[in-house]
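Chain IDs A, B, C and D follow the sequence of writing; residue 1 opens each chain.
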Amino acid sequence: MNSQEILDDIVAAIRPQLGKAGAVANYIPALARVNPCQFGIALRTRDGVEAWAGDAMTPFSIQSISKVFSLTMAMRLAGERLWERIGREPSGNPFNSLMQLESEQGIPRNPFINAGAIAVADCLVTCGDDPKSEMLALISSLCDEPVHIDEEVAASEAATGFRNVALANFIKSFGKLDNDVCTVLDVYFRQCAIPMNCLQLARAVNFLCRDGSHPFSGVQVISARQARRINALMLTCGTYDAAGEFAFLIGLPCKSGVGGGIVAIVPDTLSLCVWSPALDASHNSLLGQKALEMFTSRTGLSIF
Amino acid sequence: MNSQEILDDIVAAIRPQLGKAGAVANYIPALARVNPCQFGIALRTRDGVEAWAGDAMTPFSIQSISKVFSLTMAMRLAGERLWERIGREPSGNPFNSLMQLESEQGIPRNPFINAGAIAVADCLVTCGDDPKSEMLALISSLCDEPVHIDEEVAASEAATGFRNVALANFIKSFGKLDNDVCTVLDVYFRQCAIPMNCLQLARAVNFLCRDGSHPFSGVQVISARQARRINALMLTCGTYDAAGEFAFLIGLPCKSGVGGGIVAIVPDTLSLCVWSPALDASHNSLLGQKALEMFTSRTGLSIF
Amino acid sequence: MNSQEILDDIVAAIRPQLGKAGAVANYIPALARVNPCQFGIALRTRDGVEAWAGDAMTPFSIQSISKVFSLTMAMRLAGERLWERIGREPSGNPFNSLMQLESEQGIPRNPFINAGAIAVADCLVTCGDDPKSEMLALISSLCDEPVHIDEEVAASEAATGFRNVALANFIKSFGKLDNDVCTVLDVYFRQCAIPMNCLQLARAVNFLCRDGSHPFSGVQVISARQARRINALMLTCGTYDAAGEFAFLIGLPCKSGVGGGIVAIVPDTLSLCVWSPALDASHNSLLGQKALEMFTSRTGLSIF
Amino acid sequence: MNSQEILDDIVAAIRPQLGKAGAVANYIPALARVNPCQFGIALRTRDGVEAWAGDAMTPFSIQSISKVFSLTMAMRLAGERLWERIGREPSGNPFNSLMQLESEQGIPRNPFINAGAIAVADCLVTCGDDPKSEMLALISSLCDEPVHIDEEVAASEAATGFRNVALANFIKSFGKLDNDVCTVLDVYFRQCAIPMNCLQLARAVNFLCRDGSHPFSGVQVISARQARRINALMLTCGTYDAAGEFAFLIGLPCKSGVGGGIVAIVPDTLSLCVWSPALDASHNSLLGQKALEMFTSRTGLSIF
């Protein structure tokens, strides 16, 4: 059975379940009004073969999936110094908890919790020239199509993101944020507000299944070692406080966002993106997870 | 031995210890440059007899002692509704901890920790017309002298108060702050930045040993029941995470500030203010505590 | 109105509320089968005048009220050394929480939480000859009547007290328990299992309103300073995680037990015991609290 | 370069570093007196090719590596029911923390922290006939040689394991332990006290790189799906609070023990055991980790 048939099968199996469980993120209007009865899936192999099915061409807000791209940029710009301000351990707590940040003196546990992504954004402001443009340029290059920031979503995030403002100020109070809080948060809120579709995202993370080399140009985006490390972080920390469950049931490095997207990597083989807006209690796409579970059980492509 | 003699004795006993231990608060320049070798003490009895000694006429930044006045105003304006947003239990944690705030869903433990005072300030913005002017008017009336805000201190507090900004945004993220974060914090930062001397503060809290009646006019500032409740809160929560130690060693309701001042109440009898800028590890005035311990052991005026 | 009339009034006001709210402790059969519709109250003044009303002569399990007597014994035997192993701050957490014990390396916050009382029991085993007999002798002397241990209750406590076994082993794991865990817990479980009535308890804590002197012999049980310190601890830590609420509403040093008893001290004036088995969510007697609130509002005897 | 050459190279590279950093576990005499200057490594491929080098034939106490075998037994006996009492998420806290256990009501985060392994032992007591004999039989079969319990080590563990006694009683207090605490702990302490060498352990976990089939008989020990899930748990939770670091640097499912051993799985390919007694701050073998890092960087066998 080829890739396209597998994806078609998954869409056929998921479609009857749409709209039956879970709930779309409702903390900003632009996310709350998304139709929950959508599902898309796309993949791109290491060698550039692509397949997609369902609503794979419908753009959605990438939200926390952007943390993969900001981490990639920061590892490229700052190298090992990045890890002086950010840990690499699972957090064992809901994704926006301040407790651990307090007991660990302003060092976020890992770059995929909100606090950690704010610390990454601070690094981008310090080391980059124009982080927002550079991130759009990186993603556009990786998916071979221009991407943009949805300013309505970015403004809503900024207007309601009190907990992220709290996190940034809290890190700052420990002396662990070098730049102005507003500047850092502006980078952070905007990176979350990029609309992309499944195929674009499958392409944009494809370098992680190619030892770090660009899917179209073949140039190293990051080193092979760095790519493997991002995969490791995605597996242990990429899906909020359900990383253990994802490893247990799906067995692939994944990064999810509250827009309902999840990207997944089969190292050396392919990259994958699923999307369905209704979330479970852990803020991960409910049917996105089921689709990934089907995919790994049908293909046997778990890393374990 | 009369009051004046007791205060003179205490000054004589404390003076040789000045400058030997503790450290002044150093998070803002205006506090960091205060000469630590100062000590003042003043009291006013229920009947209006006053005594003072040492540097009792030197103004210092009242800082968290202002929380007594903001609480008084909020109890007057909001009555029992105030307690829907603020608890009345000791916090059992350092004064600016976010942990408990997280586990208790944005309800601060009590009005004397920073989070609680921010919630009180939110109540003042909601219920008052011009909280900053009203607070200055209340304090000026209580101590029978005009008091003002030190704008340099207020600006420094605002520029470096990242943890308080974090607290306010965190409370807001739980939907437990009704007003704009900046407006609330402006009230909060300014109330801390009032310079007063020991005699002014002994007068300004005198209503708490008079069943709530104004020390000069005799009008009820708050009810007798409310005054007793503020005293109870001062005893259990008024001295950061050393409230148990204060009750154990001093045995009086107290409220301290990082400017080095401590006010204390002997119910039905007198109010007292001590000041010495060097703080101990709990952020309470080191020699202020010793002076209060001497005072209660010499006079036998502990409430226990 | 004299003491007896006040107590009679309180009984008349409380009786119609019996059985309407709260629940008896149900973790051991001997407590679970107590009739909730009982209420007793008794007091003894500093000068030895006694009054009682309602079910003041019905014995009940003193449970945590025993912590007052074990602390008294330990302060007598070990003096200041006691405080090397136990703090004096409110815990800010439910009474049997292990969290704070972990973050504070096996030093319980205060002697009135279970962990603290276990550390007190350890001190009694170290410093005493036969702690169980000595405690019975002390209490019997203080209330002028022989008291005994209810072996059924003690056995039930031991058989179901897994959390206390956990606490003791946890303290031991930090090297902060000198004696064998079982020996220490035997003292702890037995001290809780003493049946006494309201009048006996009002007598037994009467030394705390007499500067530490024995209510019958006048001999110092502990020093005046130590007595005041126990009162301070009762006020800040004596009623589980409702100490702030008790101070706020009642304004007296109190110690409660899950048997439904509460002792209260009006310093220099009188000691008091109320009892009603139905507890509120904080494990304090629901109607016992109401009775104490009536008592202080009618007599004006709050310490604040 | 073949397996044997790689292992020889690693031994040559590690040997000069022996005794220079880290410290052997010292909480029981039998572990404290182990010579830190030892290092062994062994592997067995999916197809049964074996290689070893250094002190690979010297037995050491397997300690927490035993949690892999007890989990395997429990998954076999209880199936999915096991997960009603144990989570599958990383703990984000030191390996013996009680905090999370308290906030999660007696449900340990995962089967590889001590609390979780105690819950697994409880399941073995419930579902098995003679858990200790059955575990010895399982391990002996898997490594094709008889293994035994070191009774001195087991007795020392039992005599000093106060924190584990605390954990078991704490879980019991939430009603989440079905059997007698002592019976459960006896199973737990004994399973840790098995001496094995590197080759024996590489064989004993070989079924995890063979889709669950026995390395010698080929019979399914557990299902392929269960084997992958154990690998996933080892990756996310197998190395105390350094699981993220192991994934980041080594990229293989691992389980470590305070005896200095670490087993690692390359799915579908081989199983591996390294041993060196000196531990780092996270209680993982310091040189064991370095050896694994060398192994994956030389062979490119990371799962990422």
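As a convention for this text, a residue touches a chain if its C-beta (ideal position, glycine included) is under 8 Å from a C-beta of that chain, and two chains touch if they have at least 3 such contacts.
Just so you know, these numbers come straight off a predicted model, no measurement behind them.
With contact taken as defined at the outset, there is no chain that touches subunit A as well as subunit B. For subunit B, the chain whose average C-alpha position is most distant is D.
Between the CA-based centres of subunit C and subunit D the separation comes to 47 Å, rounded to the whole angstrom.
Put simply, the C-alpha centre of subunit A and that of subunit C have 55 angstrom between them.
Note on chain placement: the centre of subunit B and the centre of subunit C lie 32 Å apart, centres being C-alpha means. Multi-chain contact residues of subunit A (touching two or more other chains) are absent. Interchain contacts (touch definition given at top) occur between A-B, A-D, B-C, C-D. Chain contact summary for the complex, subunit B toward subunit C: residues 87-93, 100, 109-110, 228-229, 231-233, 235-237, 241-245, 247-248, 251, 253, 267, 302-304.
Subunit A contributes residues 97-99, 102-103, 162-163, 165-167, 169-170, 172-173, 181 to its touches with subunit B in the complex.
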